[in-house]
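Given below, in the form of structure tokens, are the structures.
Paired with subunit B in one complex and with subunit C in the other, subunit A is shared by the two complexes that follow.
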Partner chain A sequence: MFKRKVNLWHVLLILIVLMAILPILFMISNSFKTLQDSYSSMLSLIPKNPTIDNFLTLNRQVNLLGLTWNTFLMATIVTLGKLLTGLLTAYAFRSYQFRGKMLIYLLFVATIFVPFTIVMIPNYLVIAKLDLLNNVVGVALPQLCDATGIMIFLKTMEKIPNSLIDAAHIDQIPNRKIFFNIVIPILKPSIVSVGAIFFINSWNEYVWPTLILKDKGSFTLPLALQNYISSEGGTNFPLAMALSTIMIILPLLIYLIFQKYILNSISNSGLK
Partner chain B sequence: MGKSNSTIELKQVSKKFKNSDVINRMNLKVHAGEFLVLLGPSGCGKSTTLRMIAGLEDVTEGSVLIDGHDLQTMKNDGKAIAMVFQDYALYPNMTVYQNLEYALKVHKVDKQVRKQRIDQVMDTLNLADYADRLPSQLSGGQKQRVAVGRGMVKKSKIFLLDEPLSNIDVQLREKARDELQKLHEIDQQTIVYVTHDQLEAMALGDRIAVMNEGIIQMIDTPDNIYNQPANLFVARFIGTPQINIIEVVLQNGEMYLNDHPLLKVMGHGELAQQKYYLGIRPENIKCSMTPKGDYSLPAKIDSIVDYGRFIQLSLKLANGCLIKSIVNSCDFTEDDQIYIDFVESDTVLFDHSTEKNLYWGKHE
Partner chain C sequence: MLNKNNKILPFVYLLPTAILLTIFMIIPILYTFYLSFFDWNLIAPTKEFVGLKNYIEVFTDPVNQKVILNTLIYIIFLVILNFVIPYFISLIVKFFISKMQGTYKVLFFIPSLFSLVVGAMIFTWILNPVSGPLAYILKAIGLTMPNWSNSGILAITVICLITNWKVFGYNFILLLTGLGSIPKNIIDAARIDGIPKWRLVWNVILPMNRGIAIYVLILTIVQGLQYVFTPINVITTGGPYYGSSNVIYQTYLNAFVLYKTGTSSALAITTFLIFLILLFLEIKFVESRDKDYV
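For the complex of A and B:
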């Protein structure tokens, strides 16, 4: 009876995995198809006449390296910014007692519930005044702080036993060293996994960069992709798929490299 | 070690957490090189006292003096005090060696000196084999030794320990206790040691401060704490099985339990004819099958428990109250009627209202 139950679960899980992976396989396979093949047999996973022409065409039409670099730069600045501010803020909440602490924390958390649409225009005006349009810095600047990070890091830091921090205080270890030598290493798994999520989100970001980046030279990958989905010449499906494939390479690599940490931080907090 | 050690003094120290008094006007003096144990039930404020000495907790009122200098204002270079925590508080991201080294490194102790000190401590505590292990790879006893070692490498004048042995199993605890004692004999640091385990306190302390509800009930040598407890709380808290406390009345120079005379009181004319609490340790009760005299008190054996090392008798008195006695061997069986005798010098007399020891038999 029990065995049968397990098998049913497995069937369900396999279905979910297929649902998750099929679109990606579909995307990769279409990026190797000719335009005709993609129209005649879009759903087949094995291309009839495999070709790398799509990638060569892309390489001629856009500056792939430049696009990737722009996207990487933006995502890196945003990720590092969010991690640094998140960790520092969480540590302050964790270690210091000050007036209005709870109120300030709640205000931070409340920003999660403010929809992007509301802050979009004010942010745009500020960036324009700062003369940062067409600049990845302009895209990154309003995103350097994120309440989600603060919340997650604070929850993880609260699991660090007080005695550990007390022990460091007894030894008169300066707060800066406690933060970098003790707290950060303990939090490493959650920093890596939260960082990976920040990076991938930022990598895929579309609306906000569209507002700021007008010049094609400053485009990120999602903006370039848009051109192939609804450009004036109609949608060139295999080209769009090829660019999408290029786009997932880096996030995929990041995930594979840090997989151990990401899974680890989901299953436990890294503290024993 | 030829090094002068520090004194610790608490002057009228109070600590309040959100209007509840945790420590109430405490005065305490720890001598240089002394091993002082703070003993008490959980929640009595002993850990808070230790944390105030460590400077981890601010005092609400009063002052903590280290070598006569106020802890609040003195320059703290992190070398004066070392502390071992109940949960060891080892840095989980550092190996055993790095744990011992970290504070020294931050305070820029010379690399050569550092290595020499750490090697010596690891040698003393048998940690050399684990130098490269992470705390998560150690057993409870090993973690405890690392925690003690981390305190030792600092060569501080004051060593504070907060229930360092309560998380390891009994056999190891005894061994660790011996080690701590040996370390104190060598280094002669001033040690303040918090525990709720009276055996640990008795074995380790030069003096023991028994605490309850934020107040030091008694501070004295283990011997005096056991034999002349200052009040009923200390008497009941120290010793297993517990001390027997019976309500007695002094009449015409004799102590009466209900209508039965227990003791003839010699030359204590200053004692008023009123109710008292009489305390007697279980091992001081003399049991026999036949009455030895007028003062022998009849009792019925309620139960006999053989602990191997000693036999514990539960005795029911005529008035229904139960007292405990321990003997090395006996021929009694349950429900036997026996007779018990008290010796005045083995008993402790407490005032009925203040519950304080009247130290009878000690003044003359």
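For the complex of A and C:
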């Protein structure tokens, strides 16, 4: 048992890790560099003259607190909506036999295959009619349910033993109580992780918000960041990177705390 | 045992989802289908019925033809970058190394946490042909960086690389999970018989993992074509001369920049029909037979 040769595959895998992580490290580093240093010491990860000027400049140019609040509010509404509809739908599938079940299930699968382009014009018109343009509520409203969430919850609920639910039925516990006092507590880990995924995705969302939010006061962080990127090459990168650094703090924190649950839920969403 | 007595309650639970799906998905799809037979500009009080004209335009207009060709190029690049490579790496991590599997999983996933706008911004910095770090390194070894934003195909490559940076870890985890659910005794039996590892992968593992692989492959196409919207809009806005636009982006341009809702809707319906074929394949190969309601 002495053949402990170095496994060369690790070289390739570490290279991939570097490609994944280095851009982020450089981004954080650049956000603490002066514009001058960002060019003169481009390949160094440690800023020569560390400065928080970029963040101060940003704070003068945009309303950082307002942007963060808009993004947070939108992501929170979307997350709560998706969790609630997802849990209720999965519970109906878990606990009842009804006509058209298979058809409705396939309909949910099908929603994953609906390109956003096919709903964007009508949904834009509806949001405009509701006078919710330039309002994060208008961004959130059309996306309060999500098929992936339904599927993950369904998979977790299927693991709850039938005997437990049956016992509750025999004890004449009303359905509402079974749902809130038995099913929800058992599902807590997957609610937390699916919620975390929903929140992060919504926090980062770009496409639909660009259609609804035109007024700068209503912008979310990704839209504000886009304003700092110029395709003609005139981007002030330290500034854009400072804004990005602010943007990634919350998703990174959520990942640090719930990493194990999040990865488990993603695995679950793929298990067929 | 499922509760079969209550006929109304399950539909009460389904109601919120049903209402939302009806208002924001089913009716919109029908309305877009309706709009695809009209000329309209999003504002005018009247719409002009034009029959199939918009659909004919989808396939005969030179810009649309170019965009459809670009879409095919996108699909090829996305499949290679976001499916084939993560699949290869997940096989390596599962069967060819014995340590650090968990660590790679955690680290590979990190870029998935960040917005594609952030990704697009970082990569325009890294790949800036004049002042970016890659151009700097290339210059040091005597090479010049091509001005990729002037070439459609190079812009498409860069845009696909940006989405690859974001979704690699996600797809990697899905595929790795699939590989993990293959019964270990099958792999052990093959090992005892002395079958070479690559042979084992090709003849046993890949066929057994077909379900999830097809699922990730189809998702790579369906979501990938939509993911690239963000870097396209942030970096190239479809240029040079529609060279990096795809069918999704063109649908958006027609609706909200050119105000041609008819063409936009016809493009959207066409995209949807293609996605429906993929959905059919997904149901056929992936949605497993052991679910009692499928």
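Note that in this section the second predicted complex is superposed on the first by the 235 of 272 C-alpha atoms of A that agree within 3 Å, B and C clash if a C-alpha of one lies under 4 Å from a C-alpha of the other, contacts with A are read in each partner's own complex, and residues count from 1 in each chain.
By definition in this document, a residue touches a chain if its C-beta (ideal position, glycine included) is under 8 Å from a C-beta of that chain, and two chains touch if they have at least 3 such contacts.
The structure displayed is predicted, hence computed values, not measured ones.
When both complexes are superposed on subunit A, subunit B and subunit C sit side by side without a clash. In the superposed model, A:N181 makes contact with subunit B only, not with subunit C.
Shared-chain residue A:D166: touches subunit B and subunit C both. In the overlay built on the shared chain, the residue A:T117 is in contact with subunit C alone; subunit B does not reach it. In the superposed three-chain model, the partner touching more residues of subunit A is C, compared with the other of subunit B and subunit C. By the touch criterion stated above, A:V109 is placed in contact with subunit C alone, subunit B being left untouched. Contact with subunit C, but none with subunit B, is seen for A:L84 once the two complexes are overlaid on the shared chain.
For the pair subunit B and subunit C, the minimum alpha-carbon spacing after aligning on chain A is 8 Å. In the superposition on chain A, the residues of subunit A contacted by subunit B and by subunit C overlap at 166, 169, 271-272. Note for the complex: subunit B touches subunit A at residues 51, 54-56, 76-78, 81-83, 85-89, 91-93, 102-103, 106-107, 136, 150, 154. Those residues of subunit C whose C-beta lies close enough to touch subunit A in the complex are 1-4, 6-7, 9-11, 13-14, 16-17, 20-21, 23-25, 27-29, 31-32, 35, 42, 89, 92-93, 96-98, 100, 104-111, 113-126, 128, 130-131, 133, 136-137, 149, 165, 168-170, 173-178, 181, 211-212, 215-216, 219, 222, 225-226, 229-230, 233-237, 248, 251-252, 255-256, 261, 264-265, 267-269, 271-272, 275-276, 278-279, 282-283, 286-288, 291, 293-294.
On the subunit A side of its complex with subunit C, the touching residues are 7, 9-10, 12-13, 16-17, 19-21, 23-24, 26-27, 30, 39, 42-43, 84-86, 88-89, 91-93, 95-98, 101-102, 104-107, 109-126, 141-145, 150, 162, 166, 169, 175, 200, 203-207, 210-211, 221-222, 225-226, 228-229, 231, 233, 235, 237, 240-241, 244, 247-248, 251-252, 254-255, 259, 263, 266-267, 269-272. Per the touch definition, subunit A reaches subunit B in the complex via residues 161, 163-164, 166-167, 169-174, 177, 181-182, 185-186, 188, 271-272.
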